[in-house]
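Presented below are the structures under discussion, each in the form of structure tokens.
Two complexes, one shared chain (chain A), two partners (chain B, chain C).
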Partner chain A sequence: MKKDKNKPAFITKIELIIIAVAIVLPFVFNFSPYFQGLLIFVLIWVILGTSWNLLAGYTGLVSFGHAAYFGIGAYAAALPYYHYHISPWWGLLTGGIAAVILGYLLGIVVFRLRGPYFALGTLATAEILRIIFGEEEWLTNGHSGILYMTTWVSKYPYYFTALILALGAVFSVKFVMRTKAGFYFLSIREDEDAAQALGINTKKYKNISTVISTFWAGMAGAFYMIYMGFIDPEVVFALHNISIITILVGIIGGVGTIWGPALGAVVMVLVQEFFRSSFFGLAPSWISGMHALVFGLLVIFTILYMAGGILGDWDLIRKKLSFLRKAEVSE
Partner chain B sequence: MELFLQTLIYGLLIGGLYAVIGIGMTLIMGVLGIINLAHGQIMMVGMYLAWVFWTFMGIDPYLSLFLAVPLVFLLGIFLSKYFLQPLIEKESILPENQVLMTVGIGMVLVELARFIFTSDYKSVETSYSSETIALGNISISLPMLIAFVIAIALTLGLFQLLMKTDLGRSIRATAQDKDAATLMGISSKKITILTYGIGSGLVGAAGILLLPMYYLYPDVGPIFTIKAFVITILGGLGSPIGAIAGGIVLGVAETFGATYISMGYRDAVGLVIFLLVLVFLPGGLKQVLKI
Partner chain C sequence: MKIKKLLTILVVVLMMVGINSCGKKETGPIKIGVLLPLTGHMANFGTMEKNSYEMAKDKINANGGINGRKLEFVYEDDTGKPDVGRAGAEKLINVNKVPMIAGGYSSSVTFAAAAVAQQYRVPFLVNTGSVDKITQPEAFNLTTNDGAKFYIYRMNPPVSEYASGLEGLLSQIVKPKSVFIIHENTAFGTKGAKSFAKTAKKLGIEVKGNHQYSAGTVDFKPLLLNAKKANPDMVYMISYVMDAAMLMKQARQIEFTTPKLFVGAGAGFTMPAFKENAGKASEDVVSATLWHQSLPIKGAKEYFDKYVEKFGKDHTPDYHGAEAYSAAQVVADVLKRCNGKYTPETIKKALDATNMMTVFGPVKFTSYGKKIHQNKMNTYVVQWINGNLKLIWPEDLANAKFVYPIDWAANWK
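Right, the complex of A and B next:
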């Protein structure tokens, strides 16, 4: 890259701190595999949310079917193992590629569609894949799923694999958004016809965005298979638990911001686990039934009052908070 | 041949119900311009209301249409007034904000239901739940036939409303051109809110009609949300007649898929049709039927 003094550094200080914290964190929770497992789930959602955000938040292609890429990635890792006993770890190579191929093929069909039609087209595709993978038992073992004895008991190798993937996802988005292609993505999001009129090959740039996005979604799926050691179509192609939650993670953190989905992933997993465990046993146990409810309310609140998400509306939130602080001082 | 006829009749009957679900969605899509991804979840609310009326007060599901549907209508009004309407004036990066809001609403409705009623399967066992009428070698389930008849009555009533009344004309005008309708003195805000209520009431009614022959659980909704938008796109946006045609086509296609391909692929049939229609016939059946 050309050196440009005006261009801000690729990695800022805050980002270095975040990376350092992320490296130290599993050792802090050394005493509890449970917390380490939570951290790994946060990272899976970071990858998925970031991947969705590039497509939806930056390019304006709101996908409601990210489970399709996640699931294909997971099966790309699982199927060679199921049929030929090839280690699922190869999925970290094939998962992303399989998802990209699917994304490209799908693009031929769904890129003709705009706005809500695109959303529905992607949603329908993921659902069709879920049904096919459940029915074709000769290929996928159907609803019984595919089981694999995970390689290690320790969480560390998984954590750092996921961390590398998550950082790869975040920084690849950051990188591409600093290039010319990134600006083309934004122009497509703002007004596709105008972008086309200005001579931007919108189809090409939609494809580039899809390739990067689907690659990371596929990798997340492959990693999920390696880590969990079990997948079935209802889990990895889930409409609600994957596709929708991916979107919500993006919205809560901040659509169209680099770190928004990562923050959203942290918030989502924290809220869910706090409630699922009834605040670690401090609150009455009926609260554990509310984990999804609270998350849903949080989503509604976010859309109503901070449409940009936590990071997107950060300035606004800070203003409100500083107002509170001043009020305290004056009293 | 008997299998064929049996399948066809079953498909037509279920198609009548799908039509009611689809009309609600197509009205909302036409007037609000959004996909209502909480559609099936609102239907689930209607079903639970009818179940409560049946279990605790012994009110027959068909009678509770008169109780539960107005409640679902009010729920729709409430949701659109306080959750969807405020978003219209808001700037946001994604134009799909309202759609995402319906996702959030759907999620909260499901979780509320799960919280109150747990995830257990419930059903309404009426005396006629498993009755059938035999026509030669073909048997027709009685609740399904009743549901079909009521569905047709509902549809006809709705058409009267849409075609003959001022409210109906306002709804159609808003669906065709919001700005022009506003210029003609129609309060598009009021119509928008009302339409969401009517759409919710309709899908709630469809759910109640389905109740005597279906299981009820909090996650019953999403599959019907998907069916609803498949019907809407298949029939053509904003066209009630298209939605009826779409509903019946979907019902028949699904049952034939289930009978002749495999039971597991039943739900995939509609989705495949949906993708094909989106790509090859973007105007839906409306375009073919010229209505």
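Right, the complex of A and C next:
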């Protein structure tokens, strides 16, 4: 590819700062593995949200069944361990690949569907997998799940593995969106028929988008198994706990923005943990059941007033919050 | 500018954390973690167990606490989900810094959380989670000789022994020729069904069907119609509470009157909420149980009466409550034997030496077969007679004569 002088640098200053902070953060929380654990959860959701965003936000293929790829990735790590005592760490190779294969096969069927039908097709897939993995006990140990004594108690190895995966996900999306393929994705999102009329092989580019997206979802699943050490079908193929939350992470952060899902992941984990722990025990305990409600309200607010999400509508937010403007100007 | 802002945020965060971690005194209460499902579809059980922990705690503290210091339980809600349970156990260990965890209701959650406790080397006293592998070190990459490295202890018998008390009733009185097994599909139900199928084989009972359903099912009619078609002498069900009630209610609706016995495998079938929700359909249903207030155990009746007095007539505790209460008794006894040093290691040593009487029966952690740190217990049979849970087997301990044969059609009119 020819060098284009007008093209902005691949990694901006802000991104370098984010990476630096991400590297330092676990050491700041050195005193508490619990906070480090929360950071790891944020990273898992960054991977999942980013993966979903490439497919839904950039290519217009709104998946309601990302748990399917997540779950397949998790089981790709878990099953060799369960049957042959092969370390789940190999899942970091097999998890992504298994998810890509599933995504490709699934694509043959669901790419014939569009809009809501595509969404329903993906949703059904995840549900079917959840039931199959629950029933086929000889293969998956059914609902009893698969337990693995995790390799380390320390959170650092997990944190940095997750960080590498998360950065890999974010920058692979950023990279592909700067190539020709990225523009084709956008054209498919805007009008698939027009894109086809212009000579774009829409099927091929939908597949490329799916391959990248499902790969990272599968990696997230494999990492989940390695880190948590326990999976069962209800956990990894969950409709509300995985598929839906993935979408919400994308929507709140900003659909079709590079860093949106990452921001969404931070917001989601913070809201969830603040409420689940009743603001670390400072609030009455009945509040702990309210995280789903608050998160739901947040999503409704986002959709009604800033459909682009926090990052997508950042300029709008800046204007609206005029009392903050002074601070922004002084910067 | 940005860096300044970041630093400000950092400082604020550090201050918040600082507030959290200060103020630990040697004279303050001794905090022990308790992991239970306080919300979600197992909340019925979790609430009864929490109430019992609190009752025991109040009594212990009223009697001088632990060598002068107060005992305090820190509860963590596992919501009945294994992944939340693991996070909860981690939080108890890392944030609340408890030297010991008690509780553990559902098998799946308990097993997943036990791995966390084992990894952090914090003793976990399980009071209900019953799947066999919880006290089998091989499930945690250890052997039965690794007692010194194994931090899981269990009060209640494993699920494979739940039906052992039932064997006498079946072989001497009912003599069924066939059984139809219905079970919920997590670890508790699956393993319980497997071991009951083995028991049936031993007793010469033909297993006509072994069907599972998943948590949250509300329509059991297709399943029950299949069972009705198989025409078994007995139906054996392993269920939590709402599903247990639903099963009996719908058996009544489809007039499934042919079996000699409907038998529950403990869990949901001994709970007051079962009777409340199943209504008439609960009458004469038999269940395995691990405890009954009329057993000749010191304190059992007092515990039962106190609980009813405190929480009302509709909230009679069953074996789950007794397990939790006695777990609290064990915790207190263990802590008292720690010589004032409350670390995971001293507590583990004290647990190993446990040999005491509780409202649940004698508690002592022994090894047998593939299990270590497992308390051995008898199991019993109860029956809902005129809306009350009565102990019917073994006969010499029973506080009521069993109702048999049963005319379901007349019961359900």
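Here is the rule we use: the second predicted complex is superposed on the first by the 321 of 331 C-alpha atoms of A that agree within 3 Å, B and C clash if a C-alpha of one lies under 4 Å from a C-alpha of the other, contacts with A are read in each partner's own complex, and residues count from 1 in each chain.
Operating definition for what follows: a residue touches a chain if its C-beta (ideal position, glycine included) is under 8 Å from a C-beta of that chain, and two chains touch if they have at least 3 such contacts.
Fair warning: this is a prediction, and the values are worked out from it, not measured in the lab.
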One more residue to check, A:Ile251. First (chain B), second (chain C), both or neither? first
Under the stated touch criterion, which partner chain does A:Val267 make contact with: chain B (first), chain C (second), both, or neither? neither
In the superposed arrangement, does A:Val153 touch chain B (first), chain C (second), both or neither? second
Touching partner for A:Gly145 - first (chain B), second (chain C), both, neither: second
Output check: A:Val235 vs chain B and chain C. Expected answer is one of first, second, both, neither. What do you get? second
A:Gly134 in the overlay: touching chain B, chain C, both, or neither? Say first, second, both or neither. both
Considering only touches as defined above, state whether A:Val299 meets chain B (first), chain C (second), both or neither. first
Touch test for A:Ala307: chain B only (first), chain C only (second), both, or neither? first
With both structures fitted on chain A, tell me whether chain B or chain C touches more of chain A's residues. B
Using the superposition on chain A as set up above, list the residues of chain A that contact both chain B and chain C. 134, 289
Residues of chain A touching chain C in their complex? 17, 21, 28, 31-35, 37, 134, 137, 142-145, 147, 149-150, 153, 228-230, 232, 234-235, 277, 280, 288-289, 331
Would you mind writing out the residues of chain A in touch with chain B in their complex? 56-57, 60, 62, 109, 112-113, 115-117, 119-121, 123-125, 127-128, 131-132, 134-135, 189, 239-240, 244, 247-248, 251, 255-256, 289-290, 292-293, 295-297, 299-300, 303-304, 307-308, 312
Chain C - residues contacting chain A, complex: 1-2, 6, 10, 13-14, 17, 20-21, 39, 77, 81-83, 86-87, 90-91, 94-95, 108, 111-112, 115, 118-120, 131, 139-141, 185-187, 190-191, 214
Give every residue of chain B touching chain A within the complex, in rising order. 34-35, 83, 86-87, 90-97, 99-101, 103-105, 107-108, 110-112, 114-115, 222, 226, 229-230, 233, 262, 264-265, 267-268, 271-272, 274-275, 278-279
